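To keep things clear, I will list the structure first and then write my remarks on it.
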Amino acid sequence: MMKSVSHHAGGSLTFETRGAGFSDITREIGRWLDEHGASDGLLNVFIAHTSASLTIQENADPDVLSDLSDALERMAPRGHAYRHSSEGPDDMPSHIKSMMTSTNLSIPVEHGRMTLGIWQGIYLVEHRDAPHQRRVNLTFLGSGLSD
Amino acid sequence: MMKSVSHHAGGSLTFETRGAGFSDITREIGRWLDEHGASDGLLNVFIAHTSASLTIQENADPDVLSDLSDALERMAPRGHAYRHSSEGPDDMPSHIKSMMTSTNLSIPVEHGRMTLGIWQGIYLVEHRDAPHQRRVNLTFLGSGLSD
Amino acid sequence: MMKSVSHHAGGSLTFETRGAGFSDITREIGRWLDEHGASDGLLNVFIAHTSASLTIQENADPDVLSDLSDALERMAPRGHAYRHSSEGPDDMPSHIKSMMTSTNLSIPVEHGRMTLGIWQGIYLVEHRDAPHQRRVNLTFLGSGLSD
């Protein structure tokens, strides 16, 4: 099915994290698509930081998110003697965890909705201990509802 | 070289996996591009699951794929005491392995062909032990062969 | 804000690496956008190799890059007994490190500039010991400065 590619919407959302952990931002992104009249195309989600990142993961059992946090911790242990330590013991592990996950995600959109699997949620992952304000840039390319 | 962006094609392919392992899906994706008359632009490949994922890897020596499986196993060992264990000992490691690899890949298309390196293949990676049916969503944005 | 999607620019840049390590390629990519008259849309950066990869990381303290290299080394140790060893002891670890990082990145563009965070740089990561020539394919979809 071939459709027109006539619309580009760009913008950003800001999230306040409460320190290290996973925040489900699927609903906020879906609302942004609604507000911008997106119909069919591709949505790119980009996080403008290097100590917080993105991932698409299971949204059913919160234990999954705790186990994912633990797995990242094992790959980037806080106790390791890092060269870069001036910003605190949680900073360098945060960069490693960001590199292991995603800075951007590109998600298909059909009839105004992301074609996520039923168990998929989009998560902003804060890797720092302290709460932070995080900016997520959104780009939609495709057709609009008014086309 | 500036070209028009007039075509959007969206759809999906379904693959039957035989349990944990790498499946080369490059040919099926190339055929989908052909069938949809894609010429020049960008193809996004998105997997609608959280216990299977995508990666682009060497397609020459099958030993590479076995070593990659082992590396993922070391990062997400099955024997670990995960909180999330109700879906079997292979489920939580599967989510970790998905997070470490990719849920989507965006690949340039020129003259109807993906501009993959000569040794690059697109792999669907099944992380669960049992065979599964997996859905891969494809989105092409760019120009069509009939333009 | 809805804009037209009328321009597609595709091309590639070639980089000579000096062996294993991170190379900041942000400036070269920015220049490519300028040369192609890109205004607003999405840029995809794709590396056509499986033993070198891409990541967006902190560009302030070079110690961060050394610590990231060490982290990748711990996840893909050179001393491990890999099946695939015919191309040298640094080859299979390179494939693993590529799988753990990114083969492509999609970055929003506004007014001709990528909307990177102030500390974000785009890095080509060479995983092999020897210098290599690496090809990075660039795709811009959006509006042009002349629109």
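Miscellaneous remarks
Order as written gives the chain letters A, B and C; numbering starts at 1 within each chain.
Keep in mind that, in the parts below, a contact is a pair of C-beta atoms (placed from the backbone, for glycine too) under 8 Å apart; a residue touches a chain by one contact, two chains touch by 3 or more.
Note that this is a predicted model, so its numbers are computed, not measured.
Of all residue numbers used where subunit B meets subunit C, under half belong to both copies. The two sides are thus made of different residues.
Summary of the copy comparison: rotating subunit A onto subunit B for the best CA superposition needs 120 degrees, to the nearest 5.
Taking each chain's centre as the mean of its C-alpha atoms, subunit B lies 19 Å from subunit C.
Contacts with at least two other chains are made by residues 5, 75, 100, 102, 106, 141 of subunit B. In the complex of the two chains, the subunit B residues touching subunit C come out as 1-5, 40-42, 55-58, 61, 63-64, 66-68, 71, 75, 100-102, 105-108, 110, 115-117, 119-120, 141-143.
For subunit B in complex with subunit A, the touching residues are 5-12, 36-37, 44, 46, 48-51, 75-76, 82-84, 86, 92, 95-96, 98-100, 102-104, 106, 135, 137-139, 141, 144.
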